[in-house]
Amino acid sequence: MDTIVQFFNGNLLLIYLLIFTVILGFEVISKVPTVLHTPLMSGANAISGVVIVGAILLIRQSDPTDYFSLSLGLIGIILGMINVAGGFTVTDRMLEMFKKKKAKS
Amino acid sequence: MDTIVQFFNGNLLLIYLLIFTVILGFEVISKVPTVLHTPLMSGANAISGVVIVGAILLIRQSDPTDYFSLSLGLIGIILGMINVAGGFTVTDRMLEMFKKKKAKS
Amino acid sequence: MEVVETIESSFLVNLLYLLGAVAFVWGLRLLSSPDTARKGNTYAAIGMGLAIIGALIEPVQNGGNNNYGWIAGGMIAGALIGFPAAKKIKMTAMPQMVSVFNGLGGACAMVLAIVELFQNQGTTMGLGQAAIVYFTLLIGAVSFTGSLLAFAKLDGRIKDKHVTFKGHSILNNILLLVVIGFMVFLMINGGTQGMIIGFLIVSLIYGFSFVAPIGGADMPVVISLLNSFTGLSAAAAGLIFGNQLMLVGGILVGASGTILTVLMCEAMNRSLFNVLIGGFGGGAVAAASDDGKVAKTANASDVAIQLFYSQSVMFVPGYGLAVAQAQKVVKELDDILEANGVDVKYAIHPVAGRMPGHMNVLLAEADVPYPKLLDLEDANSALPNTDLVVIVGANDVVNPAALDEPGSPIYGMPVLNVWEAKNVVVLKRSMSPGYAGIQNPLFFHDKTKMLFGDAKVSIQALVAEVKNL
Amino acid sequence: MEVVETIESSFLVNLLYLLGAVAFVWGLRLLSSPDTARKGNTYAAIGMGLAIIGALIEPVQNGGNNNYGWIAGGMIAGALIGFPAAKKIKMTAMPQMVSVFNGLGGACAMVLAIVELFQNQGTTMGLGQAAIVYFTLLIGAVSFTGSLLAFAKLDGRIKDKHVTFKGHSILNNILLLVVIGFMVFLMINGGTQGMIIGFLIVSLIYGFSFVAPIGGADMPVVISLLNSFTGLSAAAAGLIFGNQLMLVGGILVGASGTILTVLMCEAMNRSLFNVLIGGFGGGAVAAASDDGKVAKTANASDVAIQLFYSQSVMFVPGYGLAVAQAQKVVKELDDILEANGVDVKYAIHPVAGRMPGHMNVLLAEADVPYPKLLDLEDANSALPNTDLVVIVGANDVVNPAALDEPGSPIYGMPVLNVWEAKNVVVLKRSMSPGYAGIQNPLFFHDKTKMLFGDAKVSIQALVAEVKNL
Amino acid sequence: MIVGILKEQNDPRVALVPIGAKKISGLGAEIWIESGAGDQSYLSDASYQDVATIKPRNEIISTADMIISIKPGGDEVLSAMKSGATVISMFAPYNDDTVVENLKKYPVNAFSMDMIPRTTLAQSMDVLSSMASVAGYKSVLKALEHLPRYMPMMITAAGSIKPSKVLVLGAGVAGLQAIATARRLGAMVEAFDTRAAAKEEVKSLGAKFVEIEGAADDTAAGGYAVEQSEAFLKKQRALVQERAAQADIIITTAQVRGRKAPLLVPQETLDKMKPGSVVVDLAASSGGNCANSKQGEVVEYNGVKIIGDSDLAAGMPQDSSTLFSNNVCNYLAIMIKEGKLDLDMDNQIIRESLISSK
Amino acid sequence: MIVGILKEQNDPRVALVPIGAKKISGLGAEIWIESGAGDQSYLSDASYQDVATIKPRNEIISTADMIISIKPGGDEVLSAMKSGATVISMFAPYNDDTVVENLKKYPVNAFSMDMIPRTTLAQSMDVLSSMASVAGYKSVLKALEHLPRYMPMMITAAGSIKPSKVLVLGAGVAGLQAIATARRLGAMVEAFDTRAAAKEEVKSLGAKFVEIEGAADDTAAGGYAVEQSEAFLKKQRALVQERAAQADIIITTAQVRGRKAPLLVPQETLDKMKPGSVVVDLAASSGGNCANSKQGEVVEYNGVKIIGDSDLAAGMPQDSSTLFSNNVCNYLAIMIKEGKLDLDMDNQIIRESLISSK
């Protein structure tokens, strides 16, 4: 209990931030038309590729001879980069059909 | 410049929080139908009465003999309380007409 | 032991504040949809309750003094003023009331800043700290006098022309410069009590002057803007008191108030700049009868809500319906209303339109069932029990002059006594007369509001708004 | 000097991260409206760019090693795989692709957690720290194998029946308990490398098994759920690396992914629980022809977007239009589409309906202008250049069997060759046949999608959706 | 006071229907009606029983204080009436200068209901409007009796039929009603009129107004028609002729009070029309809008049938009678007070409709 | 091969219009047509000039390999035709057993277009449908010729007119078209039919269906009505009577192939109808759905006009001829190959429509 209380009081702003981020995440999405479900999913997926930042930091922190960390980090970067590069690209392609208009009216 | 940088780095989470709060404030409102403009304004006004918290804290922190602070604080509390009590009540009354239905359909 | 207690209680306080903040956010969110708005208001009020409880138990410096008596007295007094005022106020005067409340909130922030400044008199504040306090003072003061003037204008106590003059906006710009210059000076150099009071006065004057040139019809926009100002001042006060909830709540109001202000301007088809520059209801269609009476205008969303929450609605089609070819959209609106339990009828005046049976042809085209069409007699006996009459491009056939102005060329013609219904909305493009070429006193009737524009466009807007509800 | 530099650069990094976070939020926001979705994606991508730059210049422990070579190699390799894959993939296979990408993202988080665990081998982590790392590992691993299985199912490489069995959900529950128990054990006691690998394997198995019983048709929902899992693992990894952007971005994806999942379920009229329990496309209207071909179903919003972004649309009314009395809503849809630059025509088959000129009567009632009505010949020559055909309750008159099935009772009757258009949507209530009582191969055509329901209701839904765009 | 209703001599209608008779009784008058007066409007003597007295024609003529008819009675009636009695009918004095002169010969007060001013107030007594409305409706049905083609579009297994084109010339009361009726039946309707307001009125019924560009701007004239240049009028006439040549049905209703009806469909236009087309000329009795048209006859010219009929309202006698009767009731309501004729000569309606007084 | 078209003896229509003649020429046949054959359909001899040869009647009859007519030619034609020639017409053999017997006397092959099976495939040759459709449309116009009232609702300064009530009995092709037409003109339309599918079809036109429970099942009868039990017919007559008493117009189209038409509006129903109401009986020629109705006549009974007309399609000769001609073309397209009659007796359409062969 104490730990939790301390953690809470100590990280108050962080907790605010997290809760607000969650609300924001909900809010931003809550009125999406069904047609955008798949592109949105795809876009969100691309954003989750932000995990690549961790992989970069991992490699940068690693000793140049720590091949275990380096190679796993490399794998991480590759995986993350595929997610990021492919993710945004495929989302953009999905959204291509929304290019046109609104005309007239 | 240094001050700003230091402030920025020192209050990073606070800044995140503020920015996110602003975005949230925008987001939460952005799709309000025109019929709700006035009630929403009224409701937001009532929330801005949160300034009463400051007045309460002011009085609680004041020396019981510091009549200057106390009396100004008292005025603050009265003003704030009018805003809060009246604000929420009047909003509720405005919203009364939304009570009914949706029927049928 | 003591330390633990402090931590524990501050945990509770933090939790209360956090919940309060979430309640504010959620409340605002719910407030923005008609179905949930009331619940939203309740949530926000609960958040406020949590905030106040938090403030009452938060561990403070000089702990122990507390002065709960003062607090209780103030709160009770405030509540005793606020509640009844809000309860008694007439529906139509509510925007004024909100404006007053808002001004008082601003005044509260202003007072806090004054105390802070006076208490810190002599000691040197950090620049940031000073900026925050003066900002609170300025914004609170502007919100205070601005809101009170807005109230007075909306309530008709002060006429636009009493408080403004040509070139007012130049004065305002000068005043703004003065205020900001003063503030920067005080921030950097600190100020004597006199200077602080001077700054206070200038701020108050600026608030008044800022609102003065803005047209009475634009007041709701200004109130919304001032409301977001109050929010900012509350947030700044939150920084002064190191209170995260005031900060979050204030910022929230500031942000949503700003966006709301913009939306309100958009709904009036104007820019915020345009509104602030003023010009006395510039864009609004001003319409006055010979004897100086003014026709009230409505907007689609007001009418939509009236339609939706009516038990019985009577459409009165006229030649304008035919010109606009609005028969099918009227039927669409009818269908939606019926689906929501509204009883919809049509009052067909014998000479509505330009040929015998003109309205019949059109409404048959739109497939309005015959039993919904009432002729003059039936309509006139149904009208007193009708909640809302929507006149779609009719004019002469609803002209009360036919009954009570012996001099009128239509005196003696039986008309639809629409003014016997509870509310009347007239859809037409302008104030121009109908076939008979005479003015229609109905448009200036107490119960009447005008919704200007092509009837088809207006009805389409109503359909969209009603679907939103 | 050195200190200052660090502070300055960390200010820059913090600013980059902050901008990145805002870009993510704004991007997501824009992504949720068709008009701005593309811009939103770009914003989010820019945010990602900022994040990566931030990560590359952030001052780190052991600073100076950097190993930029490794990083560059990895990023180039990843980009070289990711870009072309995304570019080449067929439109229809995009959801699979997303699933794969998502799985790789999860795998990345998983790898980070493994390294973290292995590096901290021996040292004692705090409970919180440990919880975070194991959580990252678990979630990343589940997302990884789950997504890959989802891909395989969607791509038709694995059939539902190959990977599940009766009582699968019991197995899943047991597996879940095992995984969580294992994790708690490891958190508290720490683990050997072997145990960590064991945990990894169990997690991977659980991910696979979790997705296995879920029907192929429900895969998009599952992908969305796994996507929010990946977000959470990224956020957890952010805690490991003390990186606020990973945290914020991950939480954002976690939250919006969750709500998106719920919305997707709602759009299918099912609960998330219902989907996860599985049952192979349970709610969907399954419709198979004699030779086992399956008719594809569409939902209103898919069709709406197709309508809206078509250059030319052809309605084919049939007896079902008359039964549903949908003529007026069809006209309404027509009006909206025309207002948005879509060229709308009607193909009237000579025997559509139940009496000569049946469609003419109805469409005249709805005021469809005569020049919009094409007879059989004109329609058939216009069809190959038509983007989208919407068949409103017609059946026999669009039956290709009339052309290519000599045994069919309607063989030889001229029909509307709707399959020559680019896309076909059929609005009817069920798969039941029309007047002639024979099955219609059109419904199983590659280009055809079925939108089931009363024609009037369906068109009304389309109107609402198109208005949304 | 006795109000007498005679059986119309050349018209199936009757000037007062039973409901009307009841209303007039309510004003304090007694109603005498000739036996069989309502027969052709499907109103039997029996239906009048409770509200009127059936009397022989002669007795009515010689005894009644007021006689109301649709078509004016001839010398037979007027000469036998009491001196100082009142006669109400549609005398159409604007078409024939001798009408008033002739009336002066008899010691009666004559009111012509077609002289009631067309003010807003008088609309409920405006027999011209109510009868024109019937005529406009009926004109389309009359045309369809003779049109050898479908009016609406029909895409059928036996071939596609194009919708008929209908051109309405003169968009007054009758013209507008014709437009509405033809539109209902799915025709493509165009119309033309010289009145400035007509364009909007035509469009308000969803039909097309035949228009050419270059019309003089009338915005400054406050809605009144401004004079158009001769070049413009010529161009317009040409366009109307062009549209006429395409039409399957032409309905002409153009009249100028007190003048011969304008010739809108001349012979050369008829020559260009498709065989089987139909022209209905509602202005036939005042000279005709169409060449060759003869009141009361169907003339065939070059395969085009020309129906001259200014009396179409008579073709729908029951409702026409009812409407006429309602007009009469509203009119009498301002003339009869407590069973006595009580004429307020300040009243524009009464003043202008009194065309001859003893 | 020579295809001959005669001037119809008692019908304004013509079996082949110029466009049709062109199509048949395209099949390799030569068209001979009697002078004036198209006159009453507004198709002059000149309009046939390019696609047919004008020949004297006798020459056509004696020379043509095939003679097509709408109404069957009598002995005058049949006896003078070449042996082995073909004659196509609407013989209606189901109504009269002697028709086929009589035809057997002549050395010709007789095809009856009204015997073409009503399959989906044969719809483009289905003269019953195309003519019934015209008749249904025309039936409403015919009723309106005689109705002394407005059909649509009218709220006017001269009073409010209620919309007419129309009752359609028999909702086949003609009935449905009548419903649609009356609805267009603003009537309140009710309809009744014994076929199970009729209810939905009636509603699909926005009209009300008068429902009676207990109709015999006809799903097996291939679209044609089956005979109903006497108890049922009684119940139905009772309800019809009730609705009829309210109706301003009744249109009856009920037929049962090969039988006398059912009596749906008996005398006692007529007795209850409002005077001025109108009945149009499209089944008049096969016995009539309405008491008192006589084919080709307008009978007045008790103030109700009863129009017996099974030949209404003839009242709109131009479009009727066009539609019939289109049907004929589609029919001949499966009979004539390269200018020669080439009968595929496996074809149900040909098989069933051939009613007498040499």
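Structure notes:
Letters are used for the chains, namely A, B, C, D, E and F, taken in the order the chains are written, and counting of residues starts over at 1 for each.
What we mean here is this: contacts are C-beta pairs under 8 Å (C-beta built on N, C-alpha and C of every residue); 3 or more make two chains touch, one makes a residue touch a chain.
A quick note: this is a predicted structure, and the numbers were derived from the prediction, not measured.
The chains in contact with chain B as well as with chain E are C, D. Although chain A and chain B carry the same sequence, what matters here is overlap: shared residue numbers make up over half of all numbers found at their interface. Seen from the Cα centre of chain D, the chain whose own Cα centre is farthest off is E.
When each chain is reduced to the average of its Cα atoms, E sits farthest from chain A. Computed from the mean C-alpha positions, the centre of chain A lies at a distance of 17 Å from the centre of chain D.
Between chain C and chain F the centroid-to-centroid distance comes to 68 Å (mean Cα coordinates, whole Å). If each chain is reduced to the centroid of its CA atoms, chain B and chain D end up 40 Å from each other.
Inter-chain spacing, taken between the CA centroids of chain A and chain E, is 79 Å.
In chain E, the residues that touch at least two other chains are 123-124, 129-130, 133, 152, 154, 156-159, 161, 184, 186, 206. Counting partners per residue, chain D has 25, 29, 248, 350-351, 356-357, 361, 364-365, 367 as the residues that reach two or more other chains. Shown for chain B are the residues that touch two or more other chains, namely 13, 16-17, 20-21, 23-24, 27-28, 31. Contact residues of chain A toward chain B in the complex are 13-14, 16-17, 20-21, 23-24, 27-28, 31. Interface of chain C with chain E (complex): residues 319, 322-323, 325, 350-351, 353-358, 361-362, 364-365, 396, 409-413, 435-436.
Those residues of chain F lying in contact with chain E across their complex are 12, 41-42, 44, 123-124, 126-127, 129-130, 133-134, 137, 141, 144-145, 147-150, 152, 154, 156-159, 161, 181, 184-186, 274-276, 303, 316-319, 322-324, 326-327, 330. Listed in rising order, the residues of chain F touching chain D in the complex are 119-121, 123-124, 129-130, 133, 136, 173, 176-177, 180, 184, 197, 200-201, 203-206.
Touching chain D in their complex are the following residues of chain B: 5-6, 8-9, 12-13, 15-16, 19-20, 23, 27.
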